[in-house]
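This is the structure I want to talk about, given as structure tokens.
Per-chain residue numbering starts at 1, and chain names A, B, C and D are given in the order in which the chains are listed.
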Amino acid sequence: MSNIENNNSKKRSAILLIHCPDRTGLVASVTDFIGTNNGNILYLEQYVDMEKKVFFMRVEWDLTGFLIPDEKIGEKFDSSTGNKFQMRRELHFSDEVLRMAIFVSEMPHCLYDILSRCYSGEWSVEVPVIVSNHKTLQPIAEKFGIDFKYYPINKSNKHEQEMLELKLLEELRIDFVVLARYMQILSEDFVSKFSHKIINIHHSFLPAFPGAKPYHSAYERGVKVIGSTSHYVTADLDAGPIIEQDVVRVSHADSISDLIRKGKDLEKVVLSRAVWNHIQRKILIYDNRTVIFS
Amino acid sequence: MSNIENNNSKKRSAILLIHCPDRTGLVASVTDFIGTNNGNILYLEQYVDMEKKVFFMRVEWDLTGFLIPDEKIGEKFDSSTGNKFQMRRELHFSDEVLRMAIFVSEMPHCLYDILSRCYSGEWSVEVPVIVSNHKTLQPIAEKFGIDFKYYPINKSNKHEQEMLELKLLEELRIDFVVLARYMQILSEDFVSKFSHKIINIHHSFLPAFPGAKPYHSAYERGVKVIGSTSHYVTADLDAGPIIEQDVVRVSHADSISDLIRKGKDLEKVVLSRAVWNHIQRKILIYDNRTVIFS
Amino acid sequence: MSNIENNNSKKRSAILLIHCPDRTGLVASVTDFIGTNNGNILYLEQYVDMEKKVFFMRVEWDLTGFLIPDEKIGEKFDSSTGNKFQMRRELHFSDEVLRMAIFVSEMPHCLYDILSRCYSGEWSVEVPVIVSNHKTLQPIAEKFGIDFKYYPINKSNKHEQEMLELKLLEELRIDFVVLARYMQILSEDFVSKFSHKIINIHHSFLPAFPGAKPYHSAYERGVKVIGSTSHYVTADLDAGPIIEQDVVRVSHADSISDLIRKGKDLEKVVLSRAVWNHIQRKILIYDNRTVIFS
Amino acid sequence: MSNIENNNSKKRSAILLIHCPDRTGLVASVTDFIGTNNGNILYLEQYVDMEKKVFFMRVEWDLTGFLIPDEKIGEKFDSSTGNKFQMRRELHFSDEVLRMAIFVSEMPHCLYDILSRCYSGEWSVEVPVIVSNHKTLQPIAEKFGIDFKYYPINKSNKHEQEMLELKLLEELRIDFVVLARYMQILSEDFVSKFSHKIINIHHSFLPAFPGAKPYHSAYERGVKVIGSTSHYVTADLDAGPIIEQDVVRVSHADSISDLIRKGKDLEKVVLSRAVWNHIQRKILIYDNRTVIFS
């Protein structure tokens, strides 16, 4: 149940994310594994892609009284159930606290929004560092007492700066990266090191208006609705698996600066919903699409 | 999978809707019943009300090769699984065609919308009759070749007219009733005969503005958003389980007739989503709330 | 006031749509023209494109007691006010009933929706003809007693069939054309004859997914929101001035047929809002963008 | 033009908000006053409440080269134009910086959101003080370097504490107050001192669920959409003129804590849109309804 995750209940739960070729008996096998080991299912959701015949599942169960110790659950599951069905699985525990790095450039709205969620306890994450190619937002990092690392990037130093960033992320044992209006394109190399672990916010309704200056393009085209898209970063610009999108109405009377102002509010909420789903372990990725459990 | 239900696939499936006290092993038991009888689960969704400790489930499986004949499934399920867990269940088959009666007064927009969905094959229902307390919409019924029954209602004849209507519904083996802006309040007696089988559209965002003239009240209050609510009819006016709601923005510049015009479009779509969920057997009702499977 | 247009008030009003280079005194000049001729302004809205320095205005006034007869208003306005400011203007009267032709192919949902609005008096338009390249929807035309013209189109006969269609539209004195999911691309020639008088509904959130099969593309891309766009048809496919757009949320669990089903409801309401604005004379077009007065 | 207000243009403009009994010649008179004194209108919007025959207008003009000095504009307008038509008017200048006090209790989300807008320059306001009946959020005030005043309120001391608060607001020359989830009801006395200058955010879609614990009530009622409402505070609890409302979809699967979490994001954006309109001088209040110019 999602409320377990939100409130301050001390109950620990395990979360299993699975996908495999679809066939008869999958749900029964997984729930049987949990039930016979004395786990009470709190939440179960499955989905079958009927076209591609792929089965997806997220199941979360109470660990109170569960007969298998944490460190053995994965292995026991694979040997008793997973391997038989060629299941690919992730196992998580509800009390894990993910370590998040935030990359920014010069716009503060998403950064403020993220930090306020972390500091008010809305998100259970740690933020060891804020990384930027500008010093503009350093004062915000200081306000919140977070380390700020400045890596100015230009055409000639991009590779070496990214190497330094990667080293930093490794040293800080960063689990995932949020690009909170970080206006640089990460290299394929960088992305491959954090595959499906970099969340970006793009300020348009993708696939409309990819790349630079989408609000200007939206104004030019005369659209009546503008949008924001949060997605995992892949090697293809603005083409990774979409996690969340939303829109807001605009009119001819909205200037470009009005679009930017309205869009900022959208960016904040769309990015934060995406990060929320990520840290709640509600996302599976398959064929460049996301399955988002509710 | 919902696409099974939409396309013209000939595969028949069974749908089981269940609720019971929550405990360990429920999902495993149900899926085991299906799996051991050679049923392939197409769609499974469960939900636990953690506060009330009630378990809800909708499971749909392909009947191709299923080992139990249709007419024995319910009984076999109860004896092998359901009774043990005190499950209350409904069993449906994907090729059932429900028989719907439409009650109207004088406004045509919802009636047109419903009939266009039936006639274009979007909904798989039969409409043996349209019932009204006015003759205003009789020409529409004629246009579509549907029987139109006129039961004018006033204070003195309400009971006897309702008795005639109930007799008609019984004769026509009506499964459920849609009140498509039927401006009469049905008696408790009538409602009890079609418990959770009468779907109403109320032209406000309930619980705001129940009763008569909600658009006028919304205008008076100066709200910035108006809404529509589709719900099952119970003995309490506009207080039955809500199936679907949606809203549209308005401004000070919208007159009452603008609210009515914008609201009509909302009423059509909100009512139709509710009916869709009803005929797809996606709704469970518990404690005056609906669980709507996706 | 917009309520004037909706209710059954018999008051006639005049509507002036203007655009011209921006400069001081424009609003004063126009309102002075109306006031000194004894017209009471019911509604006035102006907008200045600050970047391009263009002034736009819609003003509607009560004709009761207005000192200039209808047929002289335009000329008097131009000579006293318009010419001085290089104003381009349209003049309309609230009791004009526009003549609309509907073009369809095989999908009935938009056609049903439009006809129900015309027949219930929601729209004050006349529909002399429905045109199609298929006979599929002829029965609907017959149900509503409207002439149905069948012009099958293939690669070799497109030009001559369009010529016949144009001849028909001229004979019937058609004011504007609604493409209610008409799946043919009109030639530049045809479009030029009805410049800014052909309204299309495209089943995507333009500029995303132009052209054929947008729901399939949206599914493939894994978007979380789908949209519809109504626009004036120009020579460039799906690139004309946008009148109205709206969206609906979808999830991974929605199959392509779910997207189509949800999209249909969107298409109906987006197209109808666009047509409403057109017949209410609320739209000005400039540089491939629409100014839509409220 | 709204873009004038957003960008960093140095052009000063004057804003006139007017309402009066409707009659012929109002727009012409006002625009004539501006034009003959060499003012170029940047934005003009008018609205007539046709039922109550009241005329509303917002006009903004460039002061560059305007022939009347700031301090004489009001008086000159009244004598030449306003008095003749019994106009009630407000006159503002685009470079005024309003002084805002923020009242909070224990929830930080709206406070963080407001402060981030102030500090990033999105809003042009000054925040001399944060007032609270709890010390919980004092660290946030300190983070941002803003004075924090603690006035614990109980049944016996409410009057005297409010007197102290009012004294403080006066000393600090506060222009308006934002109740950012301040969970106390202000006395009629207090409210009357800041008539239409106190903006509240209520965590429901008013008039549904006024008073305490609206998310709990919404859950209990089983609504499918939850909302937020920002309004001016009047003596009647949650019944003042509504400035802005918005909603978000929920489902049976959302627990009360999910509603609270989703609702918080709504509260932030709804409150901020209301404050934006207030500081942009876009709001007129009449008969407990707001006219919000675009």
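Convention: a contact is a pair of C-beta atoms (placed from the backbone, for glycine too) under 8 Å apart; a residue touches a chain by one contact, two chains touch by 3 or more.
Here the structure is a predicted model, which is why all the values come from computation and not from measurement.
Legend: contact pairs of A-D compared by residue number with B-D, B-C or C-D; the interface matching in over half of them is B-C. Between the CA-based centres of chain A and chain C the separation comes to 42 Å, rounded to the whole angstrom. Chain B and chain C have Cα centroids lying 35 Å from one another.
Touching of two or more other chains is recorded for residues 1, 3, 50, 251, 253, 255, 294 of chain A.
Viewed as a contact network, the protein chains are fully connected, with every chain touching every other. Of all residues in chain D, those touching chain B in their complex are 47, 50-51, 205-209, 221-225, 227, 241-247, 251-253, 255, 288-292. Residues 1-3, 6-7, 108-109, 112-113, 116, 119-120, 122, 143-144, 251, 253-258, 261, 264-265, 269, 272, 294 of chain B are the ones touching chain C in the complex. Interface residues of chain A, counted against chain B in their complex, comprise 1, 3-4, 23-28, 31-32, 34-35, 38-46, 48, 50, 249, 294.
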